Amino acid sequence: MHIGLIGLGKMGGNMRTRLRNAGIEVTGFDQNPDVTDVATLDELVAALPSPRTIWVMVPAGKITDSVVSDLHDRLDAGDLVIDGGNSRFTEDFKHAELLSAKGIDYIDAGVSGGVWGLENGYGLMVGGSAAQVERVMPVFDALRPEGPREEGFVHVGEVGAGHYAKMVHNGIEYALMQAYAEGFELLEKREDIIRDVPGTFKAWQRGTVVRSWLLELLVRALDEDDDLSEIEGYVEDSGEGRWTIEEAVANAVPVPTISASIFARFVSRQEDSPAMKAVAALRNQFGGHSVKKSDD
Amino acid sequence: MHIGLIGLGKMGGNMRTRLRNAGIEVTGFDQNPDVTDVATLDELVAALPSPRTIWVMVPAGKITDSVVSDLHDRLDAGDLVIDGGNSRFTEDFKHAELLSAKGIDYIDAGVSGGVWGLENGYGLMVGGSAAQVERVMPVFDALRPEGPREEGFVHVGEVGAGHYAKMVHNGIEYALMQAYAEGFELLEKREDIIRDVPGTFKAWQRGTVVRSWLLELLVRALDEDDDLSEIEGYVEDSGEGRWTIEEAVANAVPVPTISASIFARFVSRQEDSPAMKAVAALRNQFGGHSVKKSDD
Amino acid sequence: MHIGLIGLGKMGGNMRTRLRNAGIEVTGFDQNPDVTDVATLDELVAALPSPRTIWVMVPAGKITDSVVSDLHDRLDAGDLVIDGGNSRFTEDFKHAELLSAKGIDYIDAGVSGGVWGLENGYGLMVGGSAAQVERVMPVFDALRPEGPREEGFVHVGEVGAGHYAKMVHNGIEYALMQAYAEGFELLEKREDIIRDVPGTFKAWQRGTVVRSWLLELLVRALDEDDDLSEIEGYVEDSGEGRWTIEEAVANAVPVPTISASIFARFVSRQEDSPAMKAVAALRNQFGGHSVKKSDD
Amino acid sequence: MHIGLIGLGKMGGNMRTRLRNAGIEVTGFDQNPDVTDVATLDELVAALPSPRTIWVMVPAGKITDSVVSDLHDRLDAGDLVIDGGNSRFTEDFKHAELLSAKGIDYIDAGVSGGVWGLENGYGLMVGGSAAQVERVMPVFDALRPEGPREEGFVHVGEVGAGHYAKMVHNGIEYALMQAYAEGFELLEKREDIIRDVPGTFKAWQRGTVVRSWLLELLVRALDEDDDLSEIEGYVEDSGEGRWTIEEAVANAVPVPTISASIFARFVSRQEDSPAMKAVAALRNQFGGHSVKKSDD
């Protein structure tokens, strides 16, 4: 099997390696001349056997839009585009519609695993027609972790379903991370009682109810920096978390832990909180409680 | 009527004035020689007609404990102690029991109104026996706001009920403040759309669903500093908010907004968040996402 | 002044009355023949002096869209459309653009006050050009509460600003209601301590920090049904609350109390919670904890 | 090694088996004659070699208190009591002090793993003196999972530290469960998009960021009942979750996801929500919105 792969960054680059290791022929294209296999998109298209399969692994939003549009202009009926990036599932409807006008097929693939995917394989959630999914199963099999297929791969539904599932996956992920983080702070805070915070997390890796891969990663982080003193409590968030909240609200699904975890990230990035200025001002007004002046 | 008043700080001092303005005779005692009417607690006790009524208005916890103990040693059967401070309602059970052993009566009074109470009167929630409450009604009538008695005063139940109601009052207060504060941030954030944040709050004072006294105070604060730039978003919390959460948890009452408002205060006081360090560390581990170094 | 008013339901009907009481001439149009002043939209347009002013007070979304489109077809350059409904502020951009192509002006007006507006006046937040706002100020003055104009009316910014401010107002409103509601449950739960829940709320109306119009409404509700036993804990939500969350997420504004209040409403409407089924299932799996069978 | 084990329920019974399988001699005592090895506590004490080691595995609170008191009366200096139940860490201070007065040693052991512990081993977090922990290490080694000791066992600190760590563990566990549960509801809600909810969870078991033991248990639950239709969304909570909130509040640690998960459980057990009655009543008051009558 021979596929094209657009986007050879942290994720795409590793995926090319994993695919090749599994015997899949991959022609990669990236703007970065140091990593690309071909010089232009036209070259990529020309290099692939028909019907072509091209996996797109670029940042969601405008860049994915632009790549899909470029592919629409260059591909033929019967070709297949797979968006493996973190696109919003609603984008899939748009992309599939655009491509289908020329008879080009479309699959959306949610991909989880981060930098560890090269070694461990990637968890895959895909949306699209059964026939197309079947056709590129060798690619999915190469990317997914070893073990039973159904434990690392799922055909979730029609177009959009893969990214919807990935969005929910990431929403859950946000809340899981926040849960361990709250536990970390509860342990750290009582250093008079807890003499070995990293050792406590380490000991939770076997037998306990809270054991997980994220826990193992936290153990690794604490191995490197046992009180995380070198890291600032400043956390970015990406689209999936926000979309999860929006979908929850649109569908009347209560998501108190997922929303709490994204709000905690928002706060973590604020130098000063406008909301808490207002609360401080109110306390000062009714109780004469002193406030901290900004120039303190 | 002639009562004793222990504690002449921001609250107690104003209350003495309001009581005297209403024709109640007040002998005040405070450690601060500049404000006290008598030099010692013994003098205070000696100055009062029997059966004595002493209103205690000192910080909750050890200081209130100590004052109650001192009064226990000095008062006689038939005397009455009123704790008007912010004691936890469970303390009232203890204080009432101690005093009742000598036949001394006890009332707990939750007092709301802050520095505005001198002018507006104080909202009062009291716990104790009907007979005792009736006996000191002139004092309550002097302290409470003008208007129908039941709109500024309530006999909530037996001993402890006054402080329980005040605790819940303060829990609600925390969440109300946070609600306006979130709204303030939402308005501030879109200065491209909202050209007049203070004017918006000002306009909510009449006719709207959100009009309230706290809103009026926020309008005052914005009159003084229209973007609150002089105030830091650093907010203390006092016992009542925390006790409200504890009572909620003990009684299986869900309190998502009250807890959110107290957690927001906790976060506001942290220079760096241990929890968010942990989240940042986790993102770095699985995604290779960069972290901010503490010495950045 | 003579204006047209489209939509004569609970809100629009009262507004017509209040406007007429203030000496504004109003021609109202509604699908309901019992309340309308004219039989058709064409008649309404014909009845108004030029330049015309038409206030639209119909449900947000498709109905407002349709009315704006109908007006676009019938009005002339220099006429003015005011959307006083609960439209999303992003809709205003669309409506203003459509109308401006024909030279028709547009104002968005957030209106608060509910069924009490007839008597108390309506809190108004408007967006649009200064000239247009000035032109219809007599209408705003008639609708807004008595007292200083700036305490019941604000010109918040350009088109969209009025509805943005109203959206935030409603987000705050949700959280305020939830705050009192949590307090109510905390008081109700301890009937062993709190002997008079309605009396407690009643006593908070004067002097306390939590006094507000919503509190007065809760007192009214408890006057009618002292433990709310006749009301089910089932609560709808409308667009503004959801949009507030979406805007907050889009702008990285933490809104823990507003989101908690909307999630509480979602839960209130569920017969059974899928999420809590999952938690019950998990507890059963790891701990052997018994679950309630659905047919219990 | 020969130890006594008090409490042979779901946890204690399995632990006896696992200990015996590992070659530890165990004399068990339980009120239930069908499972006990000896008829009375006196017999248990008499059966053990000196210095005795007795592991207590009974419900936290009064029952543990009573057993510790009974052991205090029967044991000698140099004997050791291990509380492996879910006691609050503050209880450990009390128990250790009581026993130390007679020279009896004390260890608190947090034990995680539920019904799976027999097969997988139990995650152990212990508090106490290094010498005592060392002395009973063979017992801990028999109970903990296979693999490196530090991945399933930790000596967290002095007395109380084990149960503190277990409390935090359970707080985290609550939030993790809620996170997956919210994801489940988000997937279930969009059955138009997600055609295979159980398959999606199954596929998350390998390679993804959210893989964990709890996820595996959810997969098992969905294998048995693919939409959880047989289970009611009614969830109990136990002490640890509540204590976690109390400790968080006492130490000013923000725990938004842990608190959200416990509040969700509270709500799940309510037939009707007093708080939501109040919100419904308020909406009815200001907006004339209809309410559901309780007898609807």
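Each chain gets a letter, A, B, C and D, in the order it is written, and its residues are counted from 1.
Convention: contacts are C-beta pairs under 8 Å (C-beta built on N, C-alpha and C of every residue); 3 or more make two chains touch, one makes a residue touch a chain.
Predicted model, so just to flag it, every value in this text is computed and none were measured.
Engineer: Counting C-beta pairs in contact, does A-C beat A-B or the other way around?
Structural biologist: Per the contact counts, A-B leads.
Engineer: On a CA-centroid basis, which chain has its centre farthest from chain D's?
Structural biologist: Centre of mass proxy via C-alpha means gives C as farthest from chain D.
Engineer: Any idea how many Å lie between the Cα centroids of chain A and chain D?
Structural biologist: 32
Engineer: Counting in whole Å, what is the centre-to-centre distance of chain A and chain B, each centre being its mean C-alpha position?
Structural biologist: 46
Engineer: Can you give the whole-Å distance between the Cα centres of chain A and chain C?
Structural biologist: Centres of chain A and chain C (C-alpha means) sit 37 Å apart.
Engineer: What are the residue numbers in chain B that touch two or more other chains?
Structural biologist: As it turns out, chain B has residues touching two or more other chains at 114, 178, 180, 182, 185, 189, 209, 214, 253-256, 260-261, 263-264, 267, 273, 275, 286.
Engineer: What part of chain C is in contact with chain A in the complex they form?
Structural biologist: 209, 237, 242, 245-246, 249-250, 252-256, 259-260, 262-264, 266-267, 269, 273, 275, 286
Engineer: Give every residue of chain C touching chain D within the complex, in rising order.
Structural biologist: 10, 114-116, 177-178, 180-182, 184-185, 188-189, 214, 217-218, 220-222, 225, 228-236, 256, 261, 264-265, 267-268, 272-289, 291-296
Engineer: Under the touch definition given earlier, write down the residues of chain A that touch chain D in their complex.
Structural biologist: Checking each residue of chain A against chain D gives 89, 112-114, 117, 120-125, 144-147, 150-158, 160-161, 164-165, 168-173, 175-176, 178-180, 182-183, 185-187, 189-190, 193-196, 199-200, 202-215, 244, 247-248, 251, 253-258, 260-261, 263-264.
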